[in-house]
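Read from first to last, the chains carry the letters A, B and C; within each, the first residue is number 1.
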Amino acid sequence: MEIPYVVKARPDTGLFNAKVGIWLFLASEVMLFGALFSAYILLRVGADPGSWPQGLLNVPIGTFNTTVLISSSVTVVLSWAALKMGRFNTYRKYQAITILCALGFLGIKSFEYRDKWTHYEIWKTDGTRVTGHIEGSPYFWNTATLTKKKLDQIMFAPDARHYNDPPAEHHVEAHAKHEFAPVKTSDIKRLSAFVPSHSTFFAIYFTLTALHGLHVLAGALVIAYIWGPGARMWKTDPERYTNRVEVSGLFWHFVDLVWIFLFPVLYLL
Amino acid sequence: MDKILGLPELASKHGVDVDRFIIYIHYLMIALFIGWTAYFLYAIWRFRSSRHPKADYVGVTSHASSYLELAVAAVEILLLVGFAIPMWAKVVDQGELDVSKAQLIRVTAQQFAWSGRYPGPDGKFGKQDIKLAAPSNKLGLWQMDDKLKKEDPDGKDDVVLADSVEIVAPVDTDVIVSLSSLDVIHSFKVPAMRMTHDAIPGMRIPVHFHPTKTGTFQINCAQLCGVGHSTMKSTFKVVSTNEFEVWLKSKAGSAPVNFE
Amino acid sequence: MSATTHAGQLHDVHQVEHHHELNFWQKYIFSTDHKIIGIQYGFMALLFLFFGFCLMLMMRWSIAFPDKPIPVVGGLLQWVLGKEAVPNGTMGPDLYNSFGAMHGTIMVFLAIVPLAFAAFGNYVVPLQIGAPDMAFPRVNMASFDCFFLGGVVMFSSFFIPGGAAKSGWTSYSPLATLAERTYLVNGQTFWIIGMVLLITSSLLGAVNFIATIIQLRAPGMTWMRLPFFCWAQFVTAFLLLLAFPPLEAAGVMQLMDNLAGTSFFLPSGLMVAGTTPIPISGGGSPLLWQHLFWFLGHPEVYVLILPGMGVVAEVIANNTRKPLWGYKSLVYSVLAIGFISFIVWAHHMYLTGMGTKISTFFQTTTMIISIPSVIILTCLFISLWGGSIRFNTQMLFALAFLPMFGIGGLTGLPLGFNFSDLHLHDTYYVIAHFHYVVAPGTIFALFAGIYHWFPKITGRLMNETLGRVHFWLSLIFMNAVFQPMFQQGMAGMIRRMYNGGATYAATPTESGLSPHILGLNKYVSMAAWFLCLAQLPFIINFFWTLWRGKKTPENPWHATTVEWDTPTPPPHGNFSRPVQIHRGPYEYSVPGHSADFTMQTQPEKGAKH
């Protein structure tokens, strides 16, 4: 016997198999991200007052990336609609945009990551804290690096304002004073780039966005596969092919939806 | 009944309730078990195929089982509402407790020892700050810092016991033990006090009980905490109020112990 | 196993196309056939079950005779794991902790879940609902591959420097992060990666099971005609689907804590072994891990029991020769358990500083969830009344399941009230509680399932005499192992002690564990070793039957459900003709019928359906 309802919907449920499958899978994904969001809430609520880093993420870039991802959601719908009407070439055009958007999103995200990994915070022995850049923009230095490299001092360009300070009255142009000056190693209690181990904020930020990024990547790969090598099926079994596009589209919408939650939570709140 | 169950020696006030409650539930469990087992054995004997070759399609038609299920539910509700919740409230809430008369103890766990700290005659603990924490000052006490010492009068008379020195408490007094840990999660268990509670790093959790008997009791560590988990034993000594005063005085003024 | 009936397949173009091209590898190793995958799962799971048991046999030596060289296998162990881990063939606390954590992990995630859910579910569910295969055969294979990899990762962690994970199967942070600091990539890393693979496997499996049951039921197989076993698997799949992802999230976070130096579960100012505070940002919460773990952990325990209950229900209906009593109540109860099991998790955390309000909530839900279990057991008990009970081996195991699960379930009640948990938490009482549910409970149910479906799977009947010996010895020794643990727990003996509580022995001045309680350790260990010997008849029976067992007719137990209406063993594609279901699953001894069973597929004579 053949497996039934691979292509046609089962009359009493109104769904074909893969659609049931993807909805179930998405339910488990909701639990996965739900757990991470709960972790975020618990960590944030439990943080010492005033210690939660804020305003460290680049909101304009984030907003731009959000639009990129939302556009891809639109093109996914358009491509599926085109395919439903049998317009294969239109489908391909729209879906190409989707894939480009996905790559664009990931590209921008890696740019953001890089930015963070070269941006540092110093906890000084006198209890003050500054953020800024180290000369040569090295990646991933931390306190241990200083001893390992046997550095007595580092050249550090502090930012105008530390993220925990109240906003300055007159908006000082950050880069105006962005000059390198030596900081003694003996004055440094802790040095950390904005990497996951910097603070629980960055820990959850990187975990959530990386996990989301992996989903974007996986979704893009699937869509690209269906778009490219998988497109042979359009000739042999167009209905099933359209189903595949629909199912991958559902996954893509979910990935976008997660970002719609992530963006305000991480960037704005 | 407590003999049959083999409950260990009891030396605290709420422990009487704990034991009684455990006994009540076991009555329920044993009654259900005996009842069902009797039915079960009878049924498989009576309806074995050699004796009852033709099965009955319909089976039981009475509603006895629903009543039984309701009865189980009712007893559970009784145990829950009548005993467990109010009694737990008594253990956790400090509402009825006169904190000023209670003996405060801070117990800190670490791999693999327990240490106690008493507020001294003034009844107030000195200040702590994790920023000060260092091998020589694990608890981050202000008293151990030359500069901050002066700004912390409450801490002057504190008694800080070295690791694994027995923890002493007065009999017939409410004892409030605040639990914390320096490294991993441990669990403060004194079976004779019918008290178990986790000691969690980054948290300070108070529990209270009321010793009713003098004696030397064991402190167990009930939560897996590493290699030394099974040997993380200490002693909880309950003495008369007078003896306690004397003991505390003898320890006071000896200034915080240096752990090195 | 290859003696399949080909006649039916010839009608099917799809089958013919592939049939002759399948070589050994395609057929048995990289198979997409649900039956082969079920067998693969079953075989692996049995091996792991035995392996998990072996770990415990060695641990029981350490509990009974601490710091003495392990007899028989001590030398071997030292040779395999190295002198450092096993000095002079003795088990130190470190090794004990490793074995303990891995015993729990292996038993739960690599033995019982794959056996009860994946193996039986894969083999039986599609057959019972009249489907040709699972909905997504290739996803099914991927699920097994993930499981296999997860098993390899877990197993290999014993041999890496530092040894396997040693923070309990619960892997509580901060211990899980701090226990092994010599090696950055250590047993805990392997544990997490292994878990992520196993979780992925379960998720893929769960999606497949649910989709299969929803979509592929044969015509006429309405929800209320579904065998109870399928219902149990259906709910189990939902539990896995929704409860596992939070643990996956937690695993990722713990991995970050261990490798990337984050502080998800680590508060500020941790000081290990009296050194300066460890250099981490801090600010995390150890309780977060516990919440995420137990949010899985509690549904997980029902994952361990529900398939077992399903098997028992099938076997009881079949061997009492009468319909299950209260089929509907059974179905609603199992659904209720499914829902409620998501809101009871914190009863594992009563003693972590929980206020009255929250603990009241969780005590109440815990008591509520015991009601459907009581209903299920009651229905099964009442099903016996009026039957014509046939005592074959599978029925003996299924019957023994009832009081054994009863004991395990009932002793869950004093743990469920935090006032009594105050004394019993983390003692051997808890160990005894859950082993009664999973060992003489689930394992017995699974044995029942093996004896019941073995003829279907292999076409051969297992030996009854060996089966009975296996049953009676297992029953006696299981109880001999776990009954004394209630006493030990009541006396206040805590878990996870490599020396079995020797430190807490009573002294003349100090009350403590009495010689009687400590003496029970030796007795329990002996019983455990005898329990192992008691498995010999089973193992012999198992392999002997595979090789030489008596051939069986298609439906040796005169059962009614659909899996018995296929060729034995069923061919690829399962059914030789379209399946139409005509009635409920347990139509035994129907008045007016000459045979004492009426199969679900048998058309009603003269009546329209």
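The criterion applied here is as follows: a contact is a pair of C-beta atoms (placed from the backbone, for glycine too) under 8 Å apart; a residue touches a chain by one contact, two chains touch by 3 or more.
Just so you know, these numbers come straight off a predicted model, no measurement behind them.
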Contact graph of the chains (line, ring, star, complete, other): line
By number of C-beta contact pairs, the top two chains: B-C
Remotest chain, subunit B as reference, centres from CA atoms: A
Chain occupying the most central position, where position means C-alpha average: C
Computed distance of Cα centres, subunit C from subunit B, in Å: 32
Where subunit A and subunit C are represented by their mean Cα positions, the distance between them in whole Å: 37
Between subunit B and subunit A, distance of the C-alpha-averaged centres to the nearest whole Å: 45
Touching two or more other chains - residues of subunit C: 285
Per-residue overlap in subunit B, given as positions that touch at least 2 other chains: none
Subunit C partner contacts - residues on subunit A that touch it in the complex: 1-5, 10, 13, 15-18, 20-21, 24-25, 27-29, 31-36, 39, 42-43, 46-48, 51, 143-144, 190, 192, 195-200, 203-204, 207, 211
Partner subunit B, residues of subunit C touching it in the complex: 92-94, 97, 167-168, 172, 174-175, 178-179, 267-277, 282, 285-287, 320-323, 325, 351-356, 359-360, 363-364, 367, 370-371, 374-375, 377-379, 381-391, 399, 402-403, 406-407, 410-411, 413-414, 417-420, 422-427, 487, 490-492, 494-499, 501, 503-504, 509-512, 517, 588-591, 596
Subunit A-touching residues of subunit C, taken from the complex the two chains share: 12, 14, 131-133, 135-137, 139, 203, 206-208, 210-211, 214-216, 241-246, 248-250, 252-253, 256, 260-264, 279-281, 283-285, 288, 291-292, 295, 573-575, 578
Touch list for subunit B against partner subunit C, complex: 5-9, 17-19, 21-22, 25-26, 28-29, 32-33, 36-37, 39-40, 43-44, 47-49, 52-60, 65, 68-69, 72-73, 76-77, 79-80, 83-85, 87-89, 91-93, 110-111, 130, 133-135, 138, 140, 182-185, 187, 189, 191-192, 194-198, 200-203, 205, 215-218, 220-231, 233, 235, 259
